[in-house]
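Note that the chains take the letters A, B and C in the order they are written out, and that residue 1 is the start of every chain.
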């Protein structure tokens, strides 16, 4: 049968399609959101993109098209250093050797419970990535975490504070919200009419 | 305030947004990359939402229910530019149209924030903030594909050449242009056109693309007074197919 | 949107003999304690394989599932329905993105998954091989197919693999919008004019059988999945999910004055189980093998979409691109 979708009917289906070429996989970027002012950034997932600018554009609509948002960070997955994952009651910070402070700024994220998402613990300064884990343990080690991610602050693309208004109308987009679809009255009138 | 002039302005803005939002939604589920599919769909929703907001203002001004007023018209009663009604083409075509249109739309609402018609000024502030992302999106893509491969550059250039006359048609003057400006409802098409050129020219110049000289291009006018291409009436028929099954029903 | 019709391979005993028994025990204990497995943890290769298969099928179902409802995007009646339907179909694409990302953490790239979809090697939910003839069909899908999907996805969100559970938490939150939107659309149709009521009843008649198929074949006909249930890969049996769906939605359909096209459908109050007429399981298997009304179109459309987008992807590609597996 021919397609029922007028959009599909308009597609050119006459030509023989070549087998899909096996393209290189675009890289992934890890995405972190701040849902409200003064809340820590949290990991929400990845986007596939070719650079930070595009990753930011994609992440904005894939991860912050609902609820509220006040900030968005993206960083290339391959720029993130990852610790091992411990059991739920063992603090992974205790596994890191102490490190030296330095001039390079790093963002630290940790996982507090399996199945949850990494949250931003804070920013530290160190000389290199190995030391950064040590400094992170010194700064945040009182919290029991199971897994730690660290990446250089300079590798992140962070939303410009002047652009926060790109999220300002989210609460107005009620058509994307379950609460906007109340048909109770219509149903009630219908049921009452049927009873009488 | 000259209500006729104001309504004429609102109708043309609203129709541009409705038709372009409709066109862009043709990519939903069929986009070139999953993430881009999502981003483009959001902007299609925004466009239709902006149009709805304009029609709600028109309702305040005495026009009827937006769903009735907007959808049950013939092509010659639509005030949109011809730019927005053209079929979606390949993705480069839709992207270039989005780039050209959204920068003008952003500036239009930037100017309308100062409208003497308060309700419009308020709504414009909100719409402008959404359009900020739309222009960010358009700019990033044009910079990227306009500097990438020979193939992507030549695709974008062809579409830019084809669409420039239509884009200049966005600034077709209203019969009430003088009143609109003198009553501070809107700064006028001429100002918008020059601000638009100032905004897009530097973006294009950072790519391998060449912006056609606007003075050497004959703008495609007529959309604002109901002159349309062969593509608009079928679009309207399709858009209203369900509503026309039973025009009195609530859907 | 996804049901319980995942096609699992039958696990063989030999699949486990090569695994380190100590690690296997630790892995099973962790699941038993109710803890999630994270991507960097040790896991048996059978677990990895079956999870990839399940999450990938789920992802494919979302991207293909965007097509039947997409049929009505340009014809949705009025401003609000137009915006909502675009948002709804957009969500399905978004869900595919989330699910593919979750499967990627297990070591299969999105590109490989899409190749397997297009070549027919990997499956998606059967229900999307049926056409959406009228606007009422799209209302049915938004309400009831999504309702069925929520039953399945809420169960799976309690599963053992962290990244899949995280994706499902978000997916379920968004599906609650689909469900309410769909119910809203169906209420407008069923309580509307005679023409609308007729359209809605006809859509229900068309979709009831695929809806029964949606949860997969009866347990007595399915591959044994005890091990997958122990590992919390599969969380509820097909019959349980179908039963839960019927419990929740049959009364809501009937209150709208619609008739369910199955004269045998009734609930056994003693056992709490629904009895339903044979929805033709042969047809279910025929459609899985590729012989449904829209199988060819669905895959062709995805192929065209990929083909038309290829120049964009080529243009973005960089010489030094080095893909690594996403983190979580």
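Here is the rule we use: a contact is a pair of C-beta atoms (placed from the backbone, for glycine too) under 8 Å apart; a residue touches a chain by one contact, two chains touch by 3 or more.
Source: prediction; values computed, not measured.
Any chain touching subunit B that also touches subunit C appears here: A. A comparison of the A-B and A-C interfaces places the larger number of contacting C-beta pairs at A-C. Subunit B and subunit C have centres, each the mean of its CA atoms, that are 37 Å apart. Averaging Cα coordinates per chain places subunit A and subunit B 31 Å apart.
Measuring from the averaged C-alpha position of subunit A to that of subunit C gives a distance of 23 Å.
For subunit C, the set of residues touching two or more other chains reads 67, 70, 72-75, 80, 83, 87, 94, 97, 188, 301, 304, 310, 313-314, 316. Counting partner chains per residue, subunit B has residues 26, 30, 33-36, 38, 41-42, 45, 49, 144, 238 touching two or more of them. Each of the following residues of subunit A touches two or more other chains: 6-7, 26, 47-51, 54, 62, 175-176. Of all the residues in subunit B, the ones that touch subunit C in their complex are 21-22, 25-26, 28-38, 41-42, 44-45, 48-49, 51-52, 55, 66-67, 70-71, 90-91, 144-145, 148-149, 151-152, 155, 238-243, 245-246, 248-251. Residue ranges of subunit B in contact with subunit A, taken from their complex: 26, 30, 33-36, 38-39, 41-42, 45, 49, 87, 126, 129-130, 132-133, 136-137, 140-141, 144, 238.
Interface residues of subunit A, counted against subunit C in their complex, comprise 1, 3-8, 11-13, 17-18, 20-28, 30, 43, 45-51, 54, 62, 66, 77-78, 80, 82, 84-85, 87-88, 111, 114-115, 117-118, 147, 149, 175-183, 186-187, 189-191, 194.
Of all the residues in subunit A, the ones that touch subunit B in their complex are 6-7, 10, 26, 47-51, 53-54, 57-58, 60-62, 65, 163, 165-166, 168-169, 172-173, 175-176. Within the complex, the subunit C residues that touch subunit A are 30, 35-38, 40-41, 67, 70-75, 80, 83-84, 87, 94, 97-98, 101, 104, 109-111, 114-115, 118, 131-133, 162, 165-167, 174, 176-177, 179-181, 183-184, 187-188, 190-191, 255-257, 293-294, 297, 300-301, 303-304, 306-307, 310, 313-314, 316-318, 321-328.
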